[in-house]
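Paired with subunit B in one complex and with subunit C in the other, subunit A is shared by the two complexes that follow.
== the complex of A and B ==
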């Protein structure tokens, strides 16, 4: 049996509210991989409550694998995942959603032949009907464009709009810890700015964010803390402002940019 | 063509199409959700038909009484088969292709077992005992009552399923699993309970078709096979995972077969089905309703 959870508070809008909303995520020596092929060789990181923590790293470093393991999509080989100091109980994605975690996955994985409204409704699949309606209003408040297109099929929207919908769908479960896997991938620069602004607002309302990004400098600009993942191992960590000047990051990412 | 003959053929085509729709809906969920290529799907139709008919013979009561409990029994059989076989296959298959291939082989096994069990219990030739075959007259049009009943029940069942999938949160969850399995997992949809339930629902729907057919046609242990083929054609016509598309495809196929067989010969049935399939795919390679 799981211990009784306090009811999940509405994360939005909650500027200046006294109650703590965000969860702290504490990952210890996590190992995971695919069918015996190890990808994560003992990852430790902390995403402090109510803050934005960014995780950067080259392609294939294991960022997506880490987030999928945290979301319960794939089982870890060993290691611990704690939320507010408490080990996670249950191992399915639904258990994680109930605990207040949500993942905006790489590639979005929206329901393309369903309307924007249906996508959002399913985002609140585990919530009550009243909570779903309340959250739908909040989400439309952050992404007014979704509100204008509630009846449009998700698959017919632009990439940027789909990304907004993917974030909105994750918010529908009222997460206190939101994991995002490269949300700016493939978006036009204006959309990227809009999305980072939305992430800032979501975080301002109290939700903890763990953000995986290739858009390193923009991500470091909004983040409080940052981690750099090498091949399955953390190679740097610190305050985001420190890492912005970090020679390693500059070399890795400017090098990547030139090579890629 | 004379008007009454035309109406006759339309009714016959709709009856066949409606049965195809109910059979195909279940297979569509099984294949679309779990990549189970259940080649034994028609055998559950056959079991439903025999089950209903055997009880009618013993009790003398109307087959309609036995269809609901038979559907429940097949649903439970579906849960059991999923638990014993397909869950293991899903857990050990490295990818969707392997799952399809392995479930196909399992399906052949189930098909042989089901057909031989039926043969053993009921023997080869159990002639159907038509129920309600008195004609009903609307003005000058005459239709057998049992065909009308079949038509009403399959239409109601298909409509109910479409409405559940379209309007309820649970139905939307099933469509969500069809359209984006990872997305569905991430919002907390529990595939561990919904997958077996949908598999069982598929068996129950095949059983419904069988129970209805037992009022109209003769039963044989191999009677289900052509329905599996038709269901696969219907799914291809309508688009994988597309439920309204499958219903439209089923009606199209039922009408085309009925009219085609009337104007050529009943032995042309399979040729006509494949003709419809090839024709539609030439015009619309991704199915009738591809965007």
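== the complex of A and C ==
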């Protein structure tokens, strides 16, 4: 676990040198839903800058809805979303990417008929050509397997490789806050380990991570802070190591996760 | 690099065609180039986004009417440019409304708005100018028209390739596969779609402006003919809009087919077109150029091999 990792080749921080990289995410009393049907009943959470925060919860608890609202593809009903203290209300998804937010969607959602390189380039859509090339090298540095397959169609890769591409594509916009929706879903155990190791390296370079997971044990192992979401409400929060020992969480959620 | 050279050689050879003094070959080449230009420009937008645009006839007709109004008052290149720009303005206006729609709605609305333009022009011509059609005098030579159409078609091919490689081209394909996903990556879908739609409209408008002089007399029913867009869509779909070879192969095949069949068997021609479209939609969803012919060839040869052995 403690084996020396090569330094992350991400060209972060963006401007200047000593400036902090990660953004702090502050969600206050967020309510959202689909066509009048409420899914989130007032969610509050803080993902501190430069840390890994994990959000666990069973299926249907509203995790994906929360991330969609944060990324700006779904409008909230009420409540606030702030990054580094600035409110995001009214920001389009593109504005949020410009601010340094990136989402790795659930089920990867790559562009299957586009090559690995084209998928990555689209991730750096808002960057200049030179920045794109630079970030492409960095991403290939983190996921060498992608470098070997730049011309392959994304849809023909294995699940683990697709997940790496999805993360790499999000990294192309040089995010300072990375939102991940169940990145371990459907991956072989070995790939899950590899993926979590990559996330830890990305975080070490300074990027704030908000990780939504059903793979509770491994998520709590990498995270600094954890929130437990149940049916649109926060039911527990605290340091990740604390929640690992929490009896209620074990019985209600971890038990369910193992059974299901 | 090699591709660039092939492209330039092809354009140079085509440019020399008027040297053959055969009106039949010239007219056939002109039709072929016109449909190549229309199909390539249609595929530029509708291929990656999978938006079935039926506005091509409207763009074409608007371009043609720009020629009818501007010929003699403006120099020839300006007339053609004006035709393209008129189509762009129209595309921008209808794009703002229709590009929020998807699927059949988009197709029906673009077709309907095209009809609206046709009838508006009919009305304006009748009430303001007291005419139902326009005769064009001072038309440029047929060689000039041919070179103009060739230049527009060549520019369309170049734009198709360059646009497809640009970040806008990638974004357009991303939107076609999953619009919301593209948006989360920072793409502004409406902006990118508008750019693609307007770009594709310019070529259709410019081609309409250039081709208008071939008829010498035009009225809204000839230049806003829905057959223009149907043929364009057919060529692109059968050829395959996702690679540049598709619309080009399609345009060549259809121009030859129509030239020979329409004269001898007018009804059979339309039937064959219909059957071809059905077959291509059912069995070649990505068109002739998008089909994996190599694999089919391997399948056939592998199946035949054991039969020959004993």
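Operating definition for what follows: the second predicted complex is superposed on the first by the 235 of 260 C-alpha atoms of A that agree within 3 Å, B and C clash if a C-alpha of one lies under 4 Å from a C-alpha of the other, contacts with A are read in each partner's own complex, and residues count from 1 in each chain.
Here, contacts are C-beta pairs under 8 Å (C-beta built on N, C-alpha and C of every residue); 3 or more make two chains touch, one makes a residue touch a chain.
Treat the numbers as computed from the prediction; the structure is a model and nothing was measured.
Visitor: Following superposition onto subunit A, is the placement of subunit B relative to subunit C best described as a clash or a fit?
Guide: Overlaying the two structures gives a clash between subunit B and subunit C.
Visitor: Kindly classify A:125 by the partners it touches after superposition: subunit B alone (first), subunit C alone (second), both, or neither?
Guide: both
Visitor: If you stack the two complexes on chain A, which partner ends up touching A:35: first (subunit B), second (subunit C), both, or neither?
Guide: In the superposition, A:35 touches subunit B alone.
Visitor: Which of the two partners, first being subunit B and second being subunit C, lies in contact with A:99: first, second, both, or neither?
Guide: neither
Visitor: After lining up the shared chain so the two structures overlap, which partner does A:174 touch, if you call subunit B first and subunit C second: first, second, both or neither?
Guide: It touches nothing on subunit B or subunit C.
Visitor: What residues on subunit A does subunit C touch that subunit B touches too?
Guide: Of subunit A, residues 71, 73, 92-94, 97-98, 102-103, 105, 109, 111-114, 118, 121-123, 125-126, 169-170, 173 contact subunit B in one complex and subunit C in the other.
Visitor: Flag every residue of subunit A that touches subunit C in the complex, lowest number first.
Guide: 71-73, 92-94, 97-98, 102-103, 105, 109, 111-114, 118, 121-123, 125-126, 169-170, 173
Visitor: State the interface residues of subunit C toward subunit A in the complex, per the touch definition above.
Guide: 167, 170-171, 173-174, 177-178, 180-188
Visitor: Please name which positions on subunit B make contact with subunit A in the complex.
Guide: Subunit B residues touching subunit A: 94, 169, 172-173, 175-176, 179-180, 182-190, 192.
Visitor: Which stretch or stretches of subunit A touch subunit B in the complex?
Guide: That would be residues 35, 71, 73, 92-94, 97-98, 102-103, 105, 108-114, 118, 121-126, 169-170, 172-173 of subunit A.
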